[in-house]
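Each of the next two complexes has chain A plus one other chain: chain B in the first, chain C in the second.
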Partner chain A sequence: MNAILLSLIQAVAVLLGITLLAAGLTFAERRLLGFWQDRLGPNRVGWQGTLQIVADMIKIFFKQDWTPPFADKIIFTAAPIIVLTTVVLAFAVIPLGPFAGIMPNLNIGLLFFLGMTSLSVYGVILAGWSSNSKFALLGGMRAAAQTISYEVFMGLAVVGVVMLTGSFNLETIVAAQTRLWFVIPQFFGFLPFLIAGIAEAHRLPFDLPEGENELGAGFHTEYSSMKFGMFFIGEYASIVLISSITVVLYFGGWHGPLLPPAVWFALKIGAFIAFFILLRAALPRPRYDQLMSYGWKLMLPLTIANLAITGALMLAGIE
Partner chain B sequence: MSLSGYDIVFYAASAFALLTTAIAITRANPLYGLLNFVLSLLGMAVVFYTLGAPFAAALEVIVYAGAIMVLFLFVVMMLRLDRTAIARESGWLTSSIWIIPILSGAALAGELLYGLLGSTGPAGAHHIVSPQAVGLKLFTTDLAAVELASMLLLAGLIGAYHLGRPARARD
Partner chain C sequence: MFIISAIRTLWLTFLHLFHKTETVQYPEQKPYLAPRYRGRIVLTRDPDGEERCVSCYLCAAVCPCDCISLQKSAAPDQWTPEHFRINFSRCIFCGFCEEACPTSAIQLIPDFEMSEISRQSLVYEKEHLLIAGTGKVPDYNFYRIAGVATPGKPKGAALNESPPVDPRGLLP
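After this line comes the complex of A and B, so read on.
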C-alpha cells in the first residue's frame, strides 16, 4: 500500500512541477527574448516582473471562454486536453534521478515517449479541423504533415542509442552513460533528434502550424481563455519534455561530478530550455516547402547513414 | 474464477476496443468514425500490453494510432465535410445494408464463442515477450514475411514517387 501511495505522491509532484515549470517558462522566455534582442521584456509586475505569471493567470482565467457557434463542440473542447495530457503522460517514463521518476524502469520507456509524442499531434490537428475556419484548418494540416515527416527520423535517430545500449529502458540508457555521454558517439543521431524535437514542440523555426504572420494564430486561432492556455502550457511542457529526453538520451541524464544528481539534471535541462528560447530569438522561419524538403532530403538520409555506420562499427567491434 | 488486476484491465480494454469499433462503423461522419477507430487501436494496445507483449503495444500506438491514422485524418480534413455530405452518407446507411454484415458477423461470433468456451480465458501476463525476442524472431524464423512486407513497401514507394513527380518529368 505504501508503495502505491509513494508513487501516487511522486506522480502528483511531477505533474505539479511540470505545470508550474511550464507556466514559469512563459515569463522566463519573454525576459530572455528581451535580453537577447536588446530590450526589456515584462519587468513591471513584482520584482523584475516575477509576478507576471500570476497576472497572466488571473487574466486568462477571467477571459470569456468562447466556443465559436460554427465549431464542432466536443472535438473543439477535447483538442487542448489531448495536447496537454499526452505531453504530461510522457513524463511518466523520464528518470529524474537515481531512484526518482514515476516509472523510469518501463521496458519500453523510449517507445512510450515516442508514442505519446505521436499522439499529441491529434490535439493540434483536431483543433484545426474542429475550429471550422480556414486559418485553423491550414495550421492543422501543416501540423499533420510536419509531425509525420519529422517523427520518421526522430524514431530512427534514437535507434542509434538503442543499438549501443541494447534497451528501450531509459534507466538502462542513463546507466550506460557513466563513462561517455552518447552525444559523442551518436552526434549525428543527436542532431536530427533535437531538430525533430523542436519540430514536435512546434517551436520556432518550426512553428509553421501557428505561423502568426500568415495564418493568424494557426490551429488555435479560434481558442480563447483557458482552452488557449492549455495549448500554451502544453507547448512549454513539451519544451521541457524534449529537453529532458535529450538530456536522458544523449547527455548522461543525472550523471555529473560533485553536485547532487537532481541539480545536474536541472542544470542540463535548463541549458536546453535556454537553447530553445535562443533559437526563437535568433532564427527566422523557413518557408513550408523548405521545411519539408529539409526533413526528407537532408535529415532522413543523415539518420539512415548514422544508423548504418553505427551498425558497421558495432559489428567490427569498435564502440 | 478469481480475476487478477491484469485480467480486469484486459477485459475492460477489450470491451472498450469492441465498443469504439462498433461506434466507428456506425458513424455517418467519417471523422467521428476515424477518431473512434483511433480509440479502439489504443484499447488494442492495452490488450497487447496485458497479454505480455509491450513491444507490440508500443508499435500499435506509434505506428497505427500515431502515424497511419493521422494520414487518414489528413485526407478527411482535405475533403470538405458539410451537412450535405453527412446527410448523403447517412442515406447510404439504410437498414437493409446491415443484413449481410450482421449475418456474417453472427457466424464469426458463433465460431469465436465456440472456440472461447473450450479455452480458459486470457493467458494474463505470465510470459512477457521482450523487444529483443521480437527482433530475433523477425530476423531469423520470420524473415520471409519481413522480406515480403519490405517488397510491398518498396512497390508503394515507387508508386508514390511516380505519382508525386511533376507532370513534365513523367512524360
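After this line comes the complex of A and C, so read on.
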C-alpha cells in the first residue's frame, strides 16, 4: 500500500514538474534568445518577466478553442493529446537520482523511451492529416519522413551504449558510468543521438514540420487555444526529455563530485536545454533534401561504423 | 565543412551573451530623437501671434493618405481656415505637408507619444493642432513679405517689395 502511494506521489510530482518546467522553458527560451540576439526579451511582467508564463497561460486558456469545420474532429482532438501523453510517459523510465524516478528500474527502459518517441510522431502526423488543409498535411508528411529517417540511426546510436553495459535498464546504464562517462568511448554514438534527438523534438535546425516561413505553422496550422498549447508544451517537454536521456546515456546521469545527485542532474539537463536554445539562435534551417541526405548518407554510415568499431574492440577485449 | 561553420556560428552567437544589449527600455528610458525627427503635426503661429495657415489646400492635396481636411473661412479678407482636421490614425508622418506648405504653418515635431484608446480621439481639430510659438522658422511672417494687401499694410508696403507701378504712367 505504502509503495503504491509513494510511486503515485512521485508520478504526480514528475508530471507537474515536467509541465511546469516545459511552461517555464517558453519564458527561458525567449529570454535566452533575446540575450543571444542583443535584446532583452520579455522582462515586464513580474520580476525580470518571470510572470510572463502566467500571462501567456491565461491568454492561451481564454482563446477561442476553434475546430475547423473541414477537420476530422475526433482525430483532430486526439492528436495533441497523443503528443503530450507520449512525451510525458517517456519520463517514467528516467532515473532522476539514485533511487528517484517513477520506474527507472524497468528492464526495457531504453526501448520504452524509443517506443514512446516513435509514438509521439503519430500525434504530429495525425494532426497534419486530420486538419484537412494543405500546409498542415505537408508539415505532417515532413514530420513522418524526417522522424522515420532520424529514428533509424537514433536507435542504432544507443546500441553502442547497450553493448557496453549489456542492459536496456537505464539505472544500470547510469551505474556503469561511475568511472567514465560514455560520451568519451561512444562519442560517435553521442553525436548522431543528439542530432536525432533534436530532429525528434522538431527543434531548429530540424523544425521542417513547422517551417514557419514556407508552411505557415506546419502541422499545427489549424490549431488554436489549448490544443495548440498542448503541442507547444509537448514540444518543450520533449526538449527536456531528450536532454535528460542524453545526460543519462552519455553524461553519467546524476553522477558528479561534491554537489548532491539531483543538482548534478538538473545542471546537466539545463546545459543541454541551453544548447538546444543556442542551436535555435544560431543555425539556419536546412533544405528538405539536405535534411534527408544528412540523415541517410552521413549519420547512418557514421553510426554503423561506430557500432562495428565498438563491437570489434569489445571482441578484442579492449574496453 | 558545414559542421565547422556551424560550430563557429554557435560559438559566435554564444559570445553575444556577454555583449551589451541594444534594447531601449522605452517608457523609463527615452530614445534619442534627431532634431528633424518627424512626429506629431502642429500648426504654428507667426511672430505676431496670428495663425500662419492661409488655407491654400496644398497640404491636403499632397497628403498621400488623405488625412488632412480643411475649409477656408467664408468671411472676405479672412484667410485662416474655418476648420483644420488631421486624422492621425491615417497619417504616415511622411512630412510632405510640411514641404508643401508655402507659409511654414504646418510643421512636424519630434513627438510621437500620441497613443489613444479609441480611434476617434486620434482625429485632431485645429485647437489641438495650433501651438503658441513659431516652430522651426522663428522670424518668418508671411504677410510682411507677401504682396497681398492686408488691413494696415497696403500694396507695396511689404518687405523688399517696390511700390506698385502704374503701367499706364509709362505711356507716351
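Note that the second predicted complex is superposed on the first by the 319 of 319 C-alpha atoms of A that agree within 3 Å, B and C clash if a C-alpha of one lies under 4 Å from a C-alpha of the other, contacts with A are read in each partner's own complex, and residues count from 1 in each chain.
One rule holds in what follows: a contact is a pair of C-beta atoms (placed from the backbone, for glycine too) under 8 Å apart; a residue touches a chain by one contact, two chains touch by 3 or more.
Being a predicted model, the structure only gives us computed values, none of them experimental.
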item	value
First, second, both or neither for A:Asn105, with chain B first and chain C second	neither
Which of chain B and chain C A:Leu40 touches, first, second, both or neither	second
More chain A residues in contact - chain B or chain C	B
Which of chain B and chain C A:Leu279 touches, first, second, both or neither	second
For the chain A and chain B complex, residues of the former touching the latter	75, 106-108, 111-112, 114-115, 118-119, 121-122, 125-126, 128-129, 137, 140-141, 144-145, 147-148, 151, 155, 166, 168
Interface residues, chain B side, partner chain A - complex	31, 35, 38, 54-55, 57-59, 61-62, 65-67, 70-71, 73-74, 77-78, 130-132
In the complex with chain C, residue positions of chain A that touch it	34-40, 278-279, 281-283
Complex interface listing, chain C residues touching chain A	6, 9-10, 12-14, 16-17, 19-23, 25
